[in-house]
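Pasting the structures here.
Each of the two complexes below includes chain A, the first together with chain B, the second together with chain C.
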Partner chain A sequence: MSETALFIKGVDKFYGPIDHGVHAVKQLNMDVKKGEIIALLGSSGCGKTSTLRMIAGFEAVSRGTIAMKGREVQTFAPVKRNVAMAFEGYSLYPPLTVRENIAFALKASKLSQSIVDEKVANIAKLLEIEDIMGRYPSSISGGQQQRASLGRALIRNADLHLLDEPMGQLEPQLRALLRGRIKHFIKERGLTAILVTHDQTEANALADRIAVMEGGVLQQFDTPQMIKERPANLFTGTFVGEPPMNVFSAGISGTGDTVSFGLNEGVKLDYKASDFSHEVRAELMKRSKVVLGIRPYAVRRSEGGVGAKVAVNQWLGDQTHIATDFAGGTMVLVEHDRTNLAIGENVGIRLDPSSLHVFDGESGRAISHGQELA
Partner chain B sequence: METTSTLEKTLRLIALTLVVIFFMFPIFWIFLMSFQTNETILAIPPSVIFTPTLSNYAALITGKLTTAAGTLDIAFMRNLGNSIFLSVTSVALALVLGVPAAYAFARHKFKGSEDIAFTLLSFRFAPPLLVLLPLTQYFQWLGLSDTYFGLIWVYQLICLPLILWIVRGYFEDISADVEYAYRIAGHSWFATFRKIALPLAGPGIAAAGLLAFIFAWNNFVFALVLASADKQPVTVGALAFVTSSGIQYGQIASAIVLSVTPTLALALYAQRYLVEGLSLGAVKG
Partner chain C sequence: MTTLQLKNIVKRYKTNTVLDNLSLDVADGETLVLFGPSGAGKTVLLRLVAGVIDPEEGQILIGGEDVADIDAEHRGIGMAFQNFALFPHMSAFDNIASPLTATNATKDAISAGVHKVAKLLKIDHVLSHHPKALSNGQKQRTALARALAGSPPLLLLDDPLRNVDAKLRFEMRLELPRLLAAQGATVVYVTQDYKEAMALGDRIAVMSQGRIRQIGTPEDIYNAPADIEIARLFGDPTINLLDVTPKSGPDGVYVELSNVKVALPGMPSGVVGKPCVIGLRPETIAFTDASAPGAIPVTVEAETPLNEKTVTLVLTARGREILVSRPAGTPGPVSGPAHIAVSGQAAFLFDKESGGLIRSAATPMTCNGEAA
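So, the complex of A and B:
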């Protein structure tokens, strides 16, 4: 399990001349263990697809090394890397039927016809495409083409499976169903997979570890739980999580016994010094400006809390989203009861120090999560 | 609604018929002329009722042109052979050179690639006569004037840019990921080029080849200046019908019929590929 399937070190990608072109991926370091599922998560243009294509061998690596199974492959042609890929644009072969497209991926492996047929049948069942196996790519829907393309990648026994937005075109119910099945399929066979997505639900559901990317820089590479609980910086904190983390910039003041955060509009949050560890307090006192973050489901209403005014109250069927005007910004609360607050109503808000994330005001790097030092 | 659509249909039919008559009439008339003698052709008023004669075709095939002034040797069949040979080899060579080049231009953006592609296209802008005079000089030095090799080389000015630019467009329309998908399944780029890119661009290549063939076939000035009688194609050879004792309309007509036949046959044969080429990807299988 601990064998390294992929090792990326100091990789840069420039489109155009090195050091002068567009710097799409910056000094990327990453290691993927055999049998792991990794999600590259980020918004459009964050460098996740470029990374995937460099691993596949479709884009040249400007600088740095990519190693698979202990050998450097960055100069190898795709054919020599033994990777499988599902493309965002499906890229099925137009003159072949869905069945032929999927079976085609096994051509190079020289398996007997009966084994190929069996594997194809399994994949078709897994992806719910048994009814369209005889059809041509041009006569089926985008979602069906996407599943065929996914099948073509999953059926191979490659060292690495690269999945570029593999479920973007599927309807939500099917997506949820296939997520589970695909994860099971990959785990059962001990395959290693890297998935590119901008959908955090998909990343959370499928991946063992998530690599959050932004602006070509790897922001954080950790388990879904750690990314949620201990975001490395302000970007990861606000990018992952739905609804997004509430953030407010704050000034710091404190005496020996208290720590106070001064927010906009004179709002002041006072905490006992003992709410923070000694190290965190020392880090906080070095700074005059920080950014406070708190996840919507960690915000509590309480009688004696800081004053806020309800702006939106929305019941979503399983939870209530309440947006309030707070300290010159918006504080969103999620409650699991069907709360019914009037617009304009004043409520008290309590921000528990144990669920408070504190980020550096300048760099955005995390200083503390709850009571611990980052 | 029913009446309007019937009316529309009728009007459309009339319009189409007019267009067809307008374009087809000259060809039809030439076809009739090719079976007539000069006397019936020049009769006023012209008539579609005549005794057909094969004498024009006979004269062309035997190479003996009988005029009022006596018998004249014409090399029409040889010209026709030259036309076929020159056009076929020129297009074949242009395909061999142009299709891989088009693929390279479509798939790889290298330094100066656009400039090179545009320079190749610019060969089509230059007036041929301007190029021809210096070219004649060079060809004489190189010993290339009046050779098939030299002519085929010059014909590349016509065929190569055409094939390069049309086929490049077809290659660009094929998603690069389809090729990547094939490569990642364990195939070299050359295998990908042969098995994926070429078949998918096939209709486009056929269309470009046909177009290049027509242009090569219709070329006049290059062969007129650079080749002597025994290497000239029909376009130049047709000048022989203007004799000192008049113009042999009957023979000209039959010569035209014979010389359009290969292109027409090729176009009819390639038509399905042309249509398929234009609707690539829309309805397949």
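So, the complex of A and C:
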């Protein structure tokens, strides 16, 4: 099908001696297709920035290979990789204005002056930096520098665009609009982009696929929808999703016709055996302890449901967040309308089996998502 | 009874007026959120109430009593400020216990009190650590715990969740109201996050440039923002704002978006011909069929999921950008031509020149979830 833009195979990164130093990235395998937007998502220290820097050529690869367009590049200097970057510490040239900084990225392209001017004007409009184009980097805010640096990277026709926290400092009122514009810009030109972010909102908004990293290990590499619907493990399940997934430790029991989860404080969730496939039931019955997960928007209120008590009801304009006391913990519900529930009110909670994620109580690996095996 | 009243407060730094004749009443047990951009004067206001600085003019009353001659430590206030201000030589436990050690509480009672609040704030595992061994989020929660530990009748909280990661921030947003309600304290809470403001505030005071621009319940402000700036501060994605000039037709006042008439029911005819800005919240715009009445043709530029919503950037024939938001999982176009329906009922109209609200949405959501 489509061409592979980047192929990472068996990559390790050690800071310090190989096998003895700090193991920042562990046996990473990843492929990026031409025209894809990929997000490396994780908290600080997860290995995402080390990965990006290895792709850029700022960090040596300790082990493994990185190939671009079918050619191994891990020993190449950054300038030989035809990669455009918007990085922290890969800053704007101080003696040049913002306009000159952005236009400088097109210098090697030998485009006519009028085409350069037009491209620069377009990107300035897209990123809402038209009013600072004549200014010098030292006289503009951090957020403006970030946008100028992003403009300098996006304007190039590189094989790969590497963007480190590209929108972190942007004022919130502009974020949704700029996300839409930037995604459109990248897609329309068929650019391949890898962005590093700790902000799952940004990753979900922009990326075709998200690589979730933790402890130097790639936890899951999939589309935002699959990560939401089929998280590979408890880490991914609870890390991605806002508000976070509700999780409860549970014991399992069952007969031929039923599957029951026993939660704290004697709360029991009873399901028909037919709510789960044979394979799922077989896997569940092998275990005594699991973790149940359900996303806040999938929790339903229903009169015959399990009892819960409303503790907090917060309306945010376009949605309502409700926290209930449930099975010795907190069950959060998200509803898209304004919900009229008083604090202390008792409600019934229904956890639809099709929305239920079950994780192994020991390893945290996903066992099932709804009816199906993970 | 702990009420807080500020009467005609003026605070200047040299020639710079940072609080400009500001008055504010906070009821007993109320959580009032001060919301606004940095430099609005929020923190200065807290520091005045705390007694760290004094106003040039005006009066501050706590529980009905003028506190001009009362020192900071005798005002009965619990504080958590942005810069933590923890005692560096003391463990997190001792920091949190510090307001209690000054009282006659027994050692066991102090320990129980510290552990209770530390557990709620999820720092019970780091109580033995000194501040330098704590992450910023943990420092902030330690400062918050210290403010809460003494059960003061008045709490001043300056952006206490600022340095906390997104997940914990969300958890704390749900935990804090319970904690505050259990204490029964009167709270003044500063934040720059509108979701936090709406979630925690009984009322929100929107501040900018040393003044309160609007004060009201979250419903008041979301459904009837006093001006364009305030409308832009509440909502994610941000409200769509489009220049329009209302016209008059046989069915009343309308505006045109891409040559499609959008009726504004109940709009006074005085706005006809006046340069205005129409405000359309992304969640009130829907995709529709080409044949539907009032369908506006657009081109889909990009789809960007946002939490449990799908946000779509569309372009009208005239190149105006509009953000449309719908619950995730509901169908909608991903690219190419499409049509949107705009509800005149849900539209805000602002005066273009002054930015002031002319009319709020005719059918705002009320507290009861019913159309007003």
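FYI, the second predicted complex is superposed on the first by the 370 of 374 C-alpha atoms of A that agree within 3 Å, B and C clash if a C-alpha of one lies under 4 Å from a C-alpha of the other, contacts with A are read in each partner's own complex, and residues count from 1 in each chain.
Here, a residue touches a chain if its C-beta (ideal position, glycine included) is under 8 Å from a C-beta of that chain, and two chains touch if they have at least 3 such contacts.
In this text the structure is predicted, and so the values were computed from the model without any measurement.
When both complexes are overlaid on chain A, chain B and chain C end up sitting side by side without clashing.
By the document's definition of touching, of the two partners only chain C reaches A:Lys187; chain B does not.
Touch criterion met: A:Arg338 reaches chain C, while chain B stays clear of it.
Of the two partner chains, chain C is the only one touched by A:Tyr297; chain B is not. By the touch criterion stated above, A:Ser277 is placed in contact with neither chain B nor chain C. Of the two partner chains placed around the shared chain by superposition, neither chain B nor chain C is touched by A:Ser260.
In the superposed pair of complexes, A:Ser138 makes contact with chain B only, with no contact to chain C. In the overlay built on the shared chain, the residue A:Ala205 is in contact with chain C alone; chain B does not reach it.
Taking chain A as the reference chain, the count of touched residues is higher for C when chain B and chain C are set side by side.
For the three-chain overlay built from the shared chain A, the minimum Cα spacing from chain B to chain C equals 11 Å.
Comparing the two complexes, no residue of chain A contacts chain B in one case and chain C in the other.
Put simply, chain C touches chain A in their complex at residues 165-167, 170-171, 173-174, 177-178, 181, 194-195, 198-200, 218-219, 222, 232-238, 281-283, 301-309, 311-313, 321, 323, 325, 327-328, 365-369.
Interface residues of chain B, counted against chain A in their complex, comprise 175, 177-178, 180-189, 196, 199-200, 281-285. On the chain A side of its complex with chain B, the touching residues are 56-58, 77-79, 81, 83-85, 87-89, 91-95, 97, 104-105, 107-108, 136-139, 149, 152, 156. For chain A in complex with chain C, the residues that touch the partner chain are 43, 172-177, 179-181, 183-184, 187, 199-201, 204-206, 224, 238-239, 242-244, 296-297, 311-312, 314-319, 321, 323, 330, 332, 334, 336-340, 343.
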